[in-house]
Structure formats: C-alpha cells, structure tokens
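You will see subunit A twice below: alongside subunit B first, and alongside subunit C after that.
So, the complex of A and B:
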C-alpha cells in the first residue's frame, strides 16, 4: 500500500471522526450516519466479489441478517460482551458461508447468483417461520452490548465510532487483500477463469476464500446492527436487501473499494431523505440509478469520466 | 515425455477426436498441423484437462494425467500458450508474468528475479512495457507475454496453439526465432499451427491431423517435401 493511499485514508478517517462535531448533528443524524457507514462497509466487502472476482452474490443479506441474529440472540440471553457477540457472528456466518460458497463456486455466472439467492431465501424463510427466533417479529428490544464490563455501547455516538473503527479495519483488510498476490489471482479469475486454471491456480479454492472474507465482513457488520437498532428481524434478510447492496456497489463504482463505500452512504442518505417526503421513494432511487448507469458507467467515483449524451449515444 | 494414446473426445454427443495417438519426446519440437476444424484445439483441451476424453490415455513423464483438473496438470509442468487473446488484459506485464510463477507455493523471490531477467533477455520489448496493462500491448507483444508467462512457470513442455495467427510477418519471424530459442534451452514444444511452412521450419517432427485422426507423421524435412503435406494442407 502506497504512502499516498494511507495518507488519504487517514484524512478520510479524521474527517469522518469529526462528523459528530458538526453543528446540526442530532441523535437522528448520528443514526443515519451509522447506517451510512455500516452499509458502505457492506458494499465494500461485496465489491471484493463483484468488482474484483466477477462473482455477483445475490444473497449477501443472509450474511448480514445472520450476523445481526447472532448478536441479538446473545444480547437477549444477557450475554452482553461485544466480543462474544462478534465471535458468535463470525462462527455462524463463517459456517454458513462455507456451505454456500462450496456449492455456489462450483458454478459460474448466473448460476452463482442464483445459488446464493436460493440459500439466502432458505435462511430468510427459516427465521421468518421459526418461533424460537421470534418468527416474523424477530428479536426485539435487546440491551446494548458492552465493550468491556461496565462500558456499554448505549448511545448513538458510541455506536457511530464503533462502526467507524469497523469500517477502517474492513477497508484495511480489503485493501491488503486486493493488493496481494491473492488479489491479483482474483482479478485473473475475473478476466479469464480458464486462463487462471491452466497457469496452475485452483480457482475454486480462491473463489471460496474471497467469498468467506466478504461474507465475514458483512456478517460482522450485521453483528453491529442490533447495537444501533435494538432488534434483528427476518426483513434484514429479504432478497431486496441483497439487491440494495448490489445497487450500492454499482452506484459507487465496481472494483474500487472506496467507491462502494460512497455508494452505500449515498444510497442510505438518499433513501432516508426521499422517503421522508414521499412514499414512492424507490422510483426516485431507481431513476438516479438509471442516470448513473447511463452517464457514469464507472460509478460515482468515476465522475471525471462523465460524458455528454451525444457521445454516449454514439457509443464512444 | 508427452504420450497421447488412442484418444477419443468430443462435445456433447458430437465426436471430434477419433483415436488420436501422438508422442513428443523430451527436448523435441513437434508440429501438429491441420486445417481449421480438424480437432487440433480439441486435442489441446483434452491434454490440458479442460475436456474429459471419452476414452484413451494421456501420459506426461510416464504418469497418467487423464482426468486430472487443469490446475493439477499445469502444476506438473505442462504450460499452455492458448490461441487468440492470450493474457490478462487488466493486469500489468509484470503482474501477468508473476502470475505464471506463483501458482505453486514456496518459490523464492530470487527465483522470480532470475526468471524475470531471463524472460526480459529474450523479450526486451516486455521490459520496456513492464508496468503497462496487458490490453495496451500489440498482438505480437501479447504473444510474447503469453510465452514469457509459461517460461516464468518453468514449464517442462509448452503447448502452443496457433501462436502466429493474425500476426504481422515481422512478428511471425520473431515468434519463430523464439520457438527455436526454446528448443536450444531444452524446452519441449508441441506447436499447433496452420502455418505449416513456418512450423516445419522450426520443428523436428510433425503430425498432420484430418477429421479427428492423425493421417501422416514424420520428420519435418520429410513433411516439407512430401506431396501429402501439400495435399492435406494446401501449402
């Protein structure tokens, strides 16, 4: 990683750390900022699959939801240590991710997307209809987790800094991964899977590896969610949530890591702001997405490549 | 070194290879000639493990490799220089080359440097372009890169599928010299070509394939002069 990259990251981190000090910051905006960074981090981890490896996962909501449920179940049983909650999420999401990726990576393209979707729907249905986990109501009103005995993460401000630290660590993980030899093999797989095979790479193992990393990051993000909301519901695992994750990555720019973070922030803020005025907010979001795909095919991060309409029509 | 025995293979229910047998001995350069659609590329795929043969046997260095996966076959030392767009366009020249070496763990940085130097000695043009993405290279340079990549891997045998297809005459000469050089280095080569004159110029022996079977084989000199070559290949 270059010094310039690290310096840029440090500046961004400092700026984000200063966000709660903004004059108009209220509890409402802190929670919004929490969501923005959390979903930004999820979009970034999904970018490892979509942008770098060329695998479109349509089931990331299941990793997110399982992480949330792992925490909620612990907290409901008065196991309030954040670290135990995170460990539970890592074990649950990790085992599930191994199972999904074992089957999904055996197939390419649309079949990978469909298999991840089907597995996620199974998980959704299980939680939706299992009363032990609250059925359609999920697990509500769980207490705050504790960083250490007596240090509860019970305010929006504390949770905001928690998610900021998570985002920074997740970025560091992703960045190191894509800069490594492993990351280069992922790009090679995206560009031509067979070519990577005849160079001697066990492509399936690399795909499973990157699925696991992406799933675990998303799962840990999910594990932080009940700390902010106090609940975990099956709706977190709806297939539309997986679709939103993909949209965030697309908006931000494939294969850039930082782009999807911006895409996630953009999506969350836009959704919140528009939906507070109108019910049909998804029409507005859809329109924005169409415009971005047409005029900024490289996403928000590729804004310097914005083209004129005439140029676009002529395909140049 | 590479032994193909009575290989039958095809796609779906359509047979393409009807009992192909050929042999490449250590240090040899062998040409596999034939017109379009005669099964040459299918044979490459079957040797490389991308296509499971219906029957028959492929042996490499005395051990059967039929049924192994492509990456297992590659790790045993079979290098493929495939036809058409042959490299990773989004990765730089250096990254493309290093991918060739690193599939097997535990290879030292020293070895990597030595092999890189070796490749650049043969292809100084690649050294000039080391940090450029593969897609910015010309067709001939991409071909050099694909050959350099299997040299990095330390392949014991190199299978080349139509390396001169679509290249300018000057570049064809360059590739031809490169294949000769590989021969001097002791690398075994199986060259699949439609350009029979070029192939027979650099190879020791040749096979002619037609409709999924080998119809003629012999020393390159013999094939160059034989009327069969002209009849089967139209050269």
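So, the complex of A and C:
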C-alpha cells in the first residue's frame, strides 16, 4: 500500500470523524450516517467477491442477518459485552460461511449465485418460523452493548464512531488483501479461472478464502446493527436485501473498494430521502441504477468517465 | 484512498442535510403518521392518514392546539419493523413530532414502541391488535384505541360458541397480529367449552392458501375463524369461495379482516361472515352516523375502523390543552383516565392502568357487502383486567386437545 493511499485514507477518515461536528448533524442524521457507513462497509466486503473475484453472491443478507441475530440473542440474555457479541457473530457467521462457501465455490457463474441465494433463503425461513428467535417479529427491544463494563454504546454519536472504526478496519483488511499476492490471484480467477487453475493455483481454496473474509466482514457489520436499531428480524436476511447490497456495489463501482462504500452511502441516503416523498421509491432508485449502469459503467467513483449516449450505443 | 474519492463521500453525506431547513417562524406543532402506504396493509395506512387529516383540519379550523397549527408528517413503514423504526426515528428526531400514530402492522408497532419509549414521545396505536402492547411491552407514553386480541376474543368467542358452532378451526396470519389472535381466541374458545379442532398459520402476504385447505377440510369444523388482514384476507376469501368452503363452514374473523370498502367486491364470499368491531357506516348509532357523514363529505367515501386515528389526535390535543404544554410526560399523565364526548363513536374513556380506551364493541355480520350490526358488547365487558407486565396467556400451548 503506497504512502499516498494511506494519506488519502487518513484524510477521509479524519473528514468522516468530523462529520458529527457539522452544524446540521442531528441525532437522526447521525443514525442515518451510521446506516450509510455500515451498509457501505458491507458493500465493500461484497466487492471482494463481485469486483475482484467475479463471484456474484445473492446471499450476503444471510451473513448480515446472522451477525445481527448473534448480537441480539446475546443482548437479550443480558450478555452486553460488545466483544462477546462480536465473537459470537464471528463464530456463527464463520461456521455458516464455511458451509456455504464449501458448496458454492465448487460452482461458478449463475450456479454460484443460485447456491448462495438458496442457502440464504433456508436461513431466512428458519428464523422466520422459529419462535425461539421470535419468529417473523424477530428479537426486539434489546439493550445497548457495552464497550467495557459501564461504557454503554447507547447514543447515536458513540455508535457512529464505532461504525467508523469498523469501516476503517474493514477497508484496511480489504485493501491489504487485494494488494497482496492473494488478491492478485483473485483477479486472475476473475479474468480466467481455467488459466489460473492451469497455473497451479487451488482456485477453489482461494475462492473459499475470499468468501470467508467477505462473509465475516458482513457478519461483523450485522453484529453492530442491533446496538443501533434495538432489534434483529428475519427481514434483514431477505433476498431483496442481498439485492440491495449488489446494487450498492454497482452504483459505487465494481472492483474499487471505495466505490461500493460510496454506493452504500448514496443508496441509503437516497432511499431514506426519496421514500419520504414517494411511495414507490424503488422506481426512482431503479431509474438511478439504470442510468448509472448505462452511462457510468465505472459507477459513481468513475464519475469523470461519464459516457455519452452515442458512445453507449456503439458499445465502446 | 485518493483525495478525489473523498469528494463523493462527503457530498453524499452532505445530502443528508437536505430537509434540515430551519423551522418556519409560524407556530406549528407536528404530528407523525406512520403506516403502510403500499403493500398488503395499504388500505389501513391510507385510511389512517385520512382520519388523522380530518381531525387536524377540524382542530386547525378552531385555532389548532395551544395556538399552534397542527401539521401532519406521513411516512411509509413498508409493513416491516426495520423501515418502521427508521421512519419513527426520523419523525421524532428530525421532524420533532409531538405525537406519533402508528404503525399498522403489529410487528412494526411493537418495534416502534421501543423508539417512542426511548425518546419519550406520545404514541397512539389505532389498528395493531397484538396483545403484548398493553401488557409486557407497555410503556408510559403508549396509548391504544384499537381493540386488541384479548378484547376481540372476549367479545366474539362467546358468540361463536353459543350461536355458530362448537367445533372451531383457527387459521391465522403467521406474525405478531395473527399469532396473538390465534392464542387469545384458542384460549377463550376452550374456556367457553368450544372445541378447537385445528390451528394453522400462513405467512404474511401469502399468495396461495390452498395448501392449508386440506387440513381444514379434514378437521371438518363448524366454524372457520380467520385472523388475517388486508390483501391477504381478499385472497383468502376468494380462494375459500372457489373451493366451496365459504358455503361449507360458518366464518368469523377479527375486526380488521377487511375494510368496509373491500366488501362489495367480494360480497358473495363474505356473505354471513361475523366479526367484532367498533365501527361500521351501517351501524345506526347516531354518533357513528354523524361521524360518517362528515367523513364522507370530506373524502367522498365511508369511514371504517381506521377512524380510531381521528380520536387519537383529539385525545392528544385535549390533553395538551389541559396541561398547557406539549411535554410528553404531562400529556401522558393527562390522558390517563381522560374521557371525550366527541370521538367517532361518542363518549370514550382511557383506562388509567393500561392506557386502553374502553370501547363499546359491536358484532357485525356481512349481508350484501355491508357490515350490519347484530349485537352490542359493552366496553367494560370486553376489555378484561389490566395486565401490565404480565403475559396475558401464560402457559399457552398450540397443542390441540383431543376430545373423545
């Protein structure tokens, strides 16, 4: 990682850390900023799969939801330590991700996507119908987690800084990974999986590895969610949520890491604002996505490379 | 991360500032209307908005509340807890509403109760009927004028056992509301000597109910009790009718099974359907007729059970006037035990212990697409004892008791 990259990251981190000091930042906007950064981090972790490895996961909502349930179950049982909640999420999501990735990475393309979707739907249905976890209403009204005994993460500001630290660590993890030999093999798999295999790389193991990293980062993000919202419900694992994660990655820009963060922030803010004015807000979001895919194929991050209509028609 | 990548991040976050314009100099007090504006419960959300709008217009015509013009902020909760919580937070923390009415779905309302409790905002529920809201989930700022599962079961179960038949099959929508109704009705029916011959739950927004019909036919009940709402009810009744089951069994259901406006379209499947509710435009009660006339004049359509949202605004406004403040603690205390004469069904009082409005209830039977009254049950007879902090159906089991 170059010094210039690190310096840029430090500036971005400092800018985001200063966001709560902006004059208009009410508690509500801090909560919205929490959501924006959390979903941005999830989109970034998904970018490892879609953007760098060429694997489209339609099941990331299950990792997110499982992480949320792990925390919610702990908090509901008065186990309020953030670290225990995170550890529980890592174990639960890790085991599930091992299972999913073992089977899904044996296939490629649409079959990989379908397997991740099917596994996620099974998990969703399990939680939807299991009364131990609150059935369709999920686990609600959980207390705030504690960073240390007596230090509760009970304000929007504390939660904002928590998610900011997570975003920074997640970016560092992803950036280190894609800049390493491991990351270059992932790109090789994306470009030509057969050739990567002929070169002697155990492609399946690489794919499993990146699936695990991506799933764990998403799971940890999920583990932070009940602390802010007070609940975990099966709706968090619905396939439409996985679809939203993919949209965030595409809006931001595939294979860029920072792009999906921007895509996540953009999507959350757009959804929140538009839905206050238009009932069928997904039409607006869909239209934005269509325009971005057609005319900004590099996503928001590539906003300098906006294509003209003629260029798009010619397929250049 | 390069500096140029920072620009869109900061820009996107800056978009958050949209809508954060300074408050108008005009004295305004905002109230929040949270409900389903699209989807399975769309009708309830839209009529909730209309009822609130009517109350606000009437109050504003008289000078508002404490000299403040009332402004409604409406939000769609998508009938899911997560958006409901986000929107409730937006209404409270950003819009600074002093009263929140909603949500429609019980699952969403339960989640929103945590938000109104945390931020100390007066919260009225006028349609969700899960039993936990005035028992284990109850909090100081929560009030309800929706007859919950327990009230409905107390009122309707006796009629079912006495007049419709003892063998009852309970079919419910499998989330907070339906489960709550199923529990309460099973408990009440068994207590009254009824024989619950089967129970089944179908997920919210089920498109095809036929997989459950075999079990219902096998149980061969006298009465099929259905706890569904919205478009689920429409689909269920249409499918039951096409399988000949509306003629085979007597049908009874919860108060929000269908709105009056839905009935003419499925008058034939609904013929003879019995339910317990607090309002019908076909009830000749003079208060209901007077309210319905005003509602119809304003919106060009009959009112329905969502009229409770109208009363919620009136109770809150009266309490604010009484204490001379919008302070939630003082309004909550003022609302406890408060009685109003000008609600949509005349005089109503809020019970102090669990903040439930004591409402006279009516049994209605659908005839020719109209909900016609067949009996009245006094509010004090259906409300049941206050059970704040207690499980109203402790020890409940879905197990079917075999009778020889």
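Operating definition for what follows: the second predicted complex is superposed on the first by the 316 of 316 C-alpha atoms of A that agree within 3 Å, B and C clash if a C-alpha of one lies under 4 Å from a C-alpha of the other, contacts with A are read in each partner's own complex, and residues count from 1 in each chain.
Following the convention adopted for this analysis, a contact is a pair of C-beta atoms (placed from the backbone, for glycine too) under 8 Å apart; a residue touches a chain by one contact, two chains touch by 3 or more.
Since we're looking at a predicted model, the values are computed, not measured.
Which partner does A:33 reach: the first (subunit B), the second (subunit C), both, or neither?
A:33 contacts subunit C only, not subunit B.
Between subunit B and subunit C, whom does A:266 touch in the aligned arrangement: first, second, both, or neither?
Only subunit C; A:266 stays clear of subunit B.
Regarding the shared-chain residue A:195, is it in contact with subunit B (first), subunit C (second), both, or neither?
first
Between subunit B and subunit C, whom does A:185 touch in the aligned arrangement: first, second, both, or neither?
first
Would you mind checking which one, subunit B or subunit C, touches more residues on subunit A?
C
Touching A:155 in the superposition: subunit B (first), subunit C (second), both, neither?
Neither: A:155 stays clear of subunit B and subunit C.
Contacts for A:203 in the overlay, against subunit B (first) and subunit C (second): which applies, first, second, both or neither?
After superposition on chain A, A:203 lies in contact with subunit B alone.
In the complex, go through subunit C and note every residue touching subunit A.
1-3, 5-6, 8-10, 12-13, 15-20, 37-38, 75-76, 80-83, 85-86, 89-90, 92-94, 106-107, 110-111, 113-115, 118, 137, 174-176, 179, 203-204
Sort out for me which residues of subunit B touch subunit A in the complex.
48, 50, 69-71, 73-75, 80, 82, 86-91, 95, 98-100, 102-104, 149, 153
Could you pull out which subunit A residues touch subunit B in their complex?
181, 184-185, 187-188, 190-192, 194-203
Please give the residue numbers of subunit A that touch subunit C in the complex, ascending.
Interface residues on subunit A, with respect to subunit C: 4-5, 8-9, 11-12, 15-16, 19, 22, 24-29, 31-33, 35-36, 128-129, 135-138, 140-141, 171, 229-231, 233, 235-236, 258, 261-262, 265-266, 269-270, 272-273, 275-276, 279-280, 300-301, 303.
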